[in-house]
Amino acid sequence: MTHNAVAETEHDEDGAGTAPVLRPHDDPVHMRRVAEALLFAASQPLSQEDIARALPEGADAAAVLEDVRAKYEGSGVNLVQVAGKWQMRTADDLRYLLRHEVKEQRKLSRVTLETLAIIAYHQPVTRAEIEAIRGVSMSKGTLDTLMEIGWIRMRGRRRSPGRPVTYGTTEEFLVHFGLNSLKDLPGLSELKGAGLLDASLPPDFEIPTPEQEGLTDDEEPLEQMEEEEAPLEMHLPEK
Amino acid sequence: MTHNAVAETEHDEDGAGTAPVLRPHDDPVHMRRVAEALLFAASQPLSQEDIARALPEGADAAAVLEDVRAKYEGSGVNLVQVAGKWQMRTADDLRYLLRHEVKEQRKLSRVTLETLAIIAYHQPVTRAEIEAIRGVSMSKGTLDTLMEIGWIRMRGRRRSPGRPVTYGTTEEFLVHFGLNSLKDLPGLSELKGAGLLDASLPPDFEIPTPEQEGLTDDEEPLEQMEEEEAPLEMHLPEK
Amino acid sequence: MNSKAHKDPLKERTQTWPDGQGPVRLPARDGQGQGDDARLMLDLGAFEGPLDMLLDLARRQKVDLTQISILALAEQYLAFIHQARRMRLELAADWLVMAAWLAWLKSRLLLPAPPDDGEELPAEEMAARLAFRLQRLQAMRDAADALMSGPRLGRDVFARGSPEPTVVEKQTEYADTMVDLLRAYASFVRRKADARGYEVAPQPVWTIKEARETLQRLIGRLDEWGRLDSLLLQYLTEPQKRVSALASGFAAALELAREGSMELRQEDHFRPIYMRSQAACQ
């Protein structure tokens, strides 16, 4: 305890000039302040580990985060969990107030949005599978657009003839749509219950869940470097 | 407080996507939430007028701002006034959290290291002499790098046409390489003994003994101020 | 299509299309269209392929998608295609493939089921699959809507507008050691030593001139055949000149023989060369 207090004094000395309060490092208020400062300062969601690194060794980062979350509950700014990480965001119900402040976002076509939804709910999914679900062939530009925005990525290759590339969503996708994990996709359980997420016909017993991380059994990794090269390939002129 | 609690409950219920709960616009909690969200999301400091515009007509923006300021006082993030406007900022005593020191291990390039060795052994030595000794011309960057690291310095000027600057090593150089003085630089026999030089050297080959302190007879001191100016000159574009 | 046999559901639906702007529409009644109810205005561009249109038609049945009549759907689609052909509209292949499949499905649904040969799925099963595909497509559209109307970062909710970036202060530590420094100097010294170049030390040689003089002195006293090499080597004091002595001696001997002052003889390749003075043979 004394030791901690000393450490505190030390880095306060090189601080920005105000007289810091002497406090032990594992004071819960101090720990909450640290987490607060980090979460407010960050432009990206932070992981629990990111917070833990700034806390004294052995501190319960989860408890500190919960402390911050509770403090901001109901205020104009909330601490929310997205993509398994933590981010401060303006309260959802104030959107009416803030919305006009932003420039109109790029308008995405219906096809692009539909494709995004199919990839999100059916991942890992191949281009051919997306086309089968939509009943039409897809122009190259649709996947390109989604890749460019950063919402989808190439995950791997399906272990099937032709070894087609499989697509899935990215962490950015989760962050943008405020989802903590793919399990939070709206209506997921209903769709699953209705068997509508089954790629194979007709709906039967096997109901896949969108797979976020790692490859599924019928996927294999993209070759080294391919991830870099492949997007290029997608820009080749169509025949 | 009870009143506040009710307000909080209300907007807890209106989850994602629903219309904002109707509440009296002059509810102080609501107004504080609005100001909070605006200040948090703003990319620039906001004026009191900016806040007032988002509040119901006739609301006391100053009081609302004071409310927000008080709420954040003592937390990891503070509402501060800069140039008459309002901005959220990391608490001063926690700013150290936003500084990361990264220690990077680097090695000098072969050319730079060789130049340093030549300066160490042959000092005092001019740029032209280094080039003559090495048999190749040298880019400006090489000496700059060594000066920047602090391992070499300008010692004086050679008493010869053009009065070229002479270079030598610094105390920092000795400290880094663990030498007590330049006399401790290994000589020819020691280099041979260490297996760094083989016996095939011409018998008349010599390694000079560096001159440590003070100017040699053929050196004259740098002019006053020159030591400050000269490094600048080194950054002039090459012809 | 026999519009009198049963009520044409398409006609009904199109007439009740809420905005009147449905892609499949009846033309304005202009008096001449009396028995022509099935004639439709076609706007293929509004659909993204046959499945999209089937879904559109299915939704007009105004029932839950799980309850739709695939038979009615097939009939509507076929009527649509029929109409398109009459108007000589160009239809992409997938529209025609769907039409052919639906026509076949319709006949299978209407006719008594053939004995199950295990190869073809029952018609009801196939109809169910089509219904499933429509439901799934609809579900994905709804999902897209749900996704897009949720709170989105940068549109509805906002992260910190003026984030305070973490300043990374790089401190460079040079890892070069004394050994590196010395190695650099040593390699430079070595290179410099090499750059001095290779000086060829003068090889000790017996010149042809020397050999000639020696031979001339020798042959004066040589009446018998004597071996060139052993005679020459007798006069050699420095052993390292041996090779050059033999070469020069041989050349000088040839020269002397050509001039007629000595005679040379060799019995065979690589055999010893013998010499004697020319005077001796005369």
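Order as written gives the chain letters A, B and C; numbering starts at 1 within each chain.
Keep in mind that, in the parts below, contacts are C-beta pairs under 8 Å (C-beta built on N, C-alpha and C of every residue); 3 or more make two chains touch, one makes a residue touch a chain.
Keep in mind the model is a prediction, meaning the values are calculated, not measured.
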Where centres are the averaged C-alpha coordinates, which chain has the largest centre distance to chain C?
B
Innermost chain by mean C-alpha position:
A
In whole angstrom, what separates the CA-based centres of chain A and chain C?
32
CA centroids of chain B and chain C: separation to the nearest Å works out as 43
Multi-chain touching residues of chain B, meaning two or more other chains, are 16-17, 37, 40-41, 88, 90, 98
What positions in chain C touch 2 or more of the other chains?
150-151, 158-160, 164-166
For the complex, give me every residue of chain B touching chain C.
16-17, 37, 40-44, 87-90, 98-108, 110, 113-114, 116-118, 120-121, 133-135, 149, 176-179, 186, 191, 194, 196-198, 200-202, 205, 207
For chain B, which residues are in contact with chain A within the complex?
7-8, 11-12, 14-21, 32-38, 40-41, 54, 71, 74-77, 88, 90-98
For chain C, which residues are in contact with chain A within the complex?
48-52, 94, 125, 128-129, 132-133, 135-137, 139-144, 146-148, 150-160, 163-166
Looking at the complex, which residues from chain C come into contact with chain B?
149-151, 158-162, 164-178, 180-190, 192-193, 195-196
